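Note that chain A is present in both complexes that follow, paired respectively with chain B and with chain C.
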Partner chain A sequence: MTLRARSVAIGLHAFVSLWTLFVLVPVFVMVISAFKSQAELFTRPLALPRQFSFAAFERAWGIGISGFLVNSLLVTALSVLFIVIASSLAAYVLARSDKPVMRWVYVAIVAGFAVPLQSVMVPLYQLVSSAGLLNSRLAIALPYAAYGIPFTTMLFYTFFLEFPRELEEAARLDGCGRIEVFFRIVLPLSGPVIASAAIFQAVFNWNEFILALLMLTKTDVRTLPVGIYGLTGQYSADWPALMAGLAIATVPLIVIFLLAQRHFVRSLAGLGK
Partner chain B sequence: MAPSLTSTLGDTGKRPVLNAGNISASAMMAPALILVGVFILIPAAVAVIGSFFDFGMTSATWTFVGGANYRRAVTDPLFWLAISNNIFIVIGSVVSQVGGGAILAAILDRGIRRGSVVYRTIIFMPVVISSIAVAFVWMLILDPNVGPLNAIVKTLGLSPPRLGWLGDPAISLWMLLLIAAWQNVGFQMMLILAGLQAIPKEHYEAASLDGARGLKAFWYITLPGIRNVLVLATLITVIGGFKVFDLVFVTTGGGPANATQVLGTYTYTQAFSFGNMGYANAMAVVLLVTAALLGWLQVRLSRRA
Partner chain C sequence: MSHLEVRDVVKRYGQLTVLSGVSFAAEKGEFVVMVGPSGCGKSTLLRSIAGLEEIAEGSVSIAGRNITQAEPSDRGVAMVFQNYALYPHMTVAQNMGFALKVARRPKSEINAAVTRAAEILRITEHLAKYPKALSGGQKQRVAIGRAITRAPEVFLFDEPLSNLDAALRSQMRIELSRLHRELGATMLYVTHDQTEAMTMADRIIVMNGGNIEQIGSPLELYNRPATRFVAGFIGSPRMNFISAYVIETVGRSVSFSFGLELPPLKLEFAPGETLPAVGDAVILGIRPEALGDSGEVHLADAEVTVVEALGRETLVYSDAHALRTTDSESLDGYFAQLVPSQSDKKLGQHVSLWADRSAFVVFAADGTTLHDASPAHAHYK
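Right after this comes the complex of A and B.
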């Protein structure tokens, strides 16, 4: 390598390394602050804690994080289940039908993709509250599902277009109905796309804030993001406990992302397809 | 559903499987259509209708006011301030996120071999962190009393802003831009990287034979090759800039003195703090129309790309 090429290479490496460091610092601050005492957070903000103390985690757990964690798990699991079932069923019919009306159905579902949650806050809140479904962890999974369906339907649709029809036709000849073909043949062979869709939507719903803020007004039904937000009013000075709560909400996602990165990125790439 | 039922009756009974299939086709569509209809499309229509009425959060009576809510928006300086803040965030995000993402992607695609996966993974990581966690961690970092940034700035012998990084109206919006870039650059990087990697290696080899290397190759091969992806990345960023809510809501709540007020937070405040549901709907419709137009473009583009 010439000297010039080498210095360019060093410069490029430096830029990427600096941004990587910039990304890591806040995550590092969150984790180390969760193990510190309030005094140490103040006196040595960037240093490693002198001794790793779980006191902040205990405080966070005690003031409600444990309940939020259960609520988040429940809401996320339920909504992802709804999204995968509803989207795959719809996408399968859309990908296999050549009726003109199906084009409109596809447009109607995908149109949901363009509607921002913020722009329907008022009617959605009134709909849910007049139906008496505020503060229900089961009910909030329904709008969560609705907002995941347009993107997931597009994702499944592209996948089903390329799915080999010969398998389905063989099953049909054996007397299987459309629903049977779908559940016995198509779905079991759709593992990768199901995983991509589920992981992507799980991250999204685990982190969702606006709907939870509107619909879950009682502390005991709140999910992690809105639950932690609600606690900061009362415990605003307790930074270590806040960081411990955020670490509990965040670290599982980072671990899942590291393990299933491939699936996650593939789903993202669906945005570009 | 009805046509397939009648055709079953009129059928000679030879192909019951197909007709059963037609009935279940509608049934299979139903969950997705009902959920999207009830929770997205109908509320969107109600928001449009509601923007011509005046009503409170719990009041059952809607008073028709025509275009009054829109006229109110046009004459409300805070509405325009919110819009201009959105536009500031949109432009700043396109420059920092699409620009930064493109530079990182270009380096990771061709400049760096060793450790490229590690860099990629770390830079992408913030995308999976909730914006609430991002907001609070950055509030700690930027905190005037306990924040590490102030400590660093002071050790360098400089003086941090007296009102705090988020409390100073002149810089708070810039801080939000920085935080948004921290969270989203990895997303744009991945999107653009996928585009770069789809360019066939042979194109570069052929160009190199013709004497096109370095910047020339970038201009004639790389750029045309990722044009669609760049447009898509820009669209996604623009939509995100208009929709921004969580980060602003948690860090500044639209303050100080409305310096970071955006359409999302202002709509929320009008609706749920002041109870002006009709006015909130009118502003929501402005956001809805903007996002719908851009979203429609995005769907079209992404099917072509």
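Right after this comes the complex of A and C.
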């Protein structure tokens, strides 16, 4: 390795190491804080706890985290399912159509990606409210799906552009209609892109806070972020319990990511074609 | 009525016309090969017959049924693709039985058809494997097997052997010919490889620039090419072409001059053949295997520039200085000569190029032959 290549490699490693620290320190603080007492958390914020206490976890569990967990799972699963079905079908049509108007449809969908949530919150609230969906899981699952579709459509679109057409042509000769080609040939071979779309949207929807806070005011339908937020009061907050709740909320995502990270990295590497 | 009839098919991509009124017919059980350079429209024509491309004008009928507007699966065709197009998520058996499964045929019938096709292609032991576990040759067999199970009226092959290595390709050529005999099926085969065309075809369709140049048996095309394009495309190494003009016609005997100080060449035209007029520019063609050290006519003296010893035969290129060939692909202006034995010719050696009069082919300036040849649209015009 030449000196120049080596110094570039060292520089890159240094940068990635710094970045990793930057990402991991808050996670580390969250975990150690969950084992501390309120007093210790404020006197020695960055030190390891003097003794590991599970009291904060018990208090956090006591406010009904198990119920929030179920709500979060349901909302995330439902929205991801919507997103994958709608985006894959839309992207397939866009990728296979040679009509010029479809390019504009694609641009319009991608443009939806750029609309900030805050700017549509009020009309969205009115919409959901007049549909009678407030305080139901659909109240956030449907907007989550709508918000996830543009990005996921892009993800599927690039994948389908690369998908070998001969397979589809062979299937058409074998007697499949367009829909059958999609469901019997294309979708079964789209594992990597489905996995990465699912992880992406699962992470986003699992952590989403603003919409959930707005739409879900009753405790029994709250998702994890909003539920855990209940540990803060107007004048004080139980910070160790808050951190314990967040730590619990983080675990499912880490498990999913570890299981599917191979697909995740592979399809992200193909993005932008 | 022929088994497969293609009439006046026109295909356009936007402003670009890729097929400009193509017509031909194939009889039941015939092996027809479409050959031509890249972009000549042969694959487009095949895909149009398969229904994978929509045509702007014209009609296609199979077994007496007009299928111009039919869905690909309702046309009675099966297609074998260049890169196999096997479904990676299905086993070999599932790949081969997929069409019947989509058609909701009973399991017993699917199994019987798959077993039979696998026996014909000798791939029975691979039936439970997935495509990724197979070699290129095995994959192509599975792709052919998938076509066989459908029992189509017409088999369509789109350059099926081009992804295989040379040894496997010649083996598969023989096997495809055997398959054609055993099944007695009508087959339409697209290739850019003229060896495949010559060895397998009952009839060859030579295409160029979206048109059919000539249709005929392999030897008809070789011996009596209708156009200079066909003459150049069929036969390897390529035919030598020389520019000349007519200086005299006496009866059916025509004298051509190559200009310069070279002696004129006198050729006899058969009754019925078109005679060129004095002053006409023509192209004379002579095959590399027709050039020798002796013959009726002394064409030119030359100097050997390249010797390719192929063992059984030797390919000699020589530079005749005053007389140059036109549009020879590789060696500018050199004469290609195929000696049917091992040759002791050396680089720089002086040789004489001789040929028999009957070996020359004469083409008008527009590229069509002046001799009798099987025309491009023999079936309809």
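Miscellaneous remarks
In this text, the second predicted complex is superposed on the first by the 208 of 273 C-alpha atoms of A that agree within 3 Å, B and C clash if a C-alpha of one lies under 4 Å from a C-alpha of the other, contacts with A are read in each partner's own complex, and residues count from 1 in each chain.
Quick note on the criterion: a contact is a pair of C-beta atoms (placed from the backbone, for glycine too) under 8 Å apart; a residue touches a chain by one contact, two chains touch by 3 or more.
On a predicted model such as this, the values are computed, not experimentally measured, just so you know.
Of the two partner chains placed by the overlay, only chain C lies in contact with A:Glu169; chain B stays clear of it. Touch criterion not met for A:Val255: it reaches neither chain B nor chain C.
Using the contact criterion defined above for the overlaid structures, shared-chain residue A:Leu161 touches neither chain B nor chain C, since it reaches no partner. In the superposition on chain A, contact is made by A:Leu189 with chain C only, not with chain B.
The larger set of touched chain A residues comes from B, when the choice is between chain B and chain C. By the touch criterion stated above, A:Ile10 is placed in contact with neither chain B nor chain C.
Counting contacts by the rule stated earlier, residues 172, 175 of chain A appear in both its interface with chain B and its interface with chain C. Interface residues of chain C facing chain A in the complex, by the touch rule stated above, are 50-52, 71-73, 77-79, 81-83, 85, 87-89, 98-99, 102-103, 146, 150.
On chain A, the positions that touch chain B within their shared complex are 9, 12-13, 15-17, 19-20, 22-27, 29-30, 33, 41-42, 45-46, 82, 85-87, 89-90, 92-94, 97, 105, 108-127, 142-143, 145-147, 149-150, 153-154, 172, 175, 177-179, 182, 203, 206-207, 209-210, 214, 224-226, 228-229, 232, 239, 242-243, 246, 249-250, 253-254, 256-258, 261, 264-265, 268-269, 271-273. For chain B in complex with chain A, the touching residues are 17, 20-21, 24-25, 27-29, 31-33, 35-44, 46-47, 50, 57, 100, 103-104, 107-108, 111-112, 119, 121-126, 128-134, 136-138, 140-141, 143, 145-148, 151-152, 182, 185-187, 190-191, 194-195, 229, 232, 236, 239, 242-243, 245-246, 249-250, 263-264, 267-268, 271-272, 277, 280-281, 284-285, 287-288, 291-292, 294-296, 298-299, 302-303, 305. Contact residues of chain A toward chain C in the complex are 164, 166-167, 169-176, 180, 184-185, 188-189.
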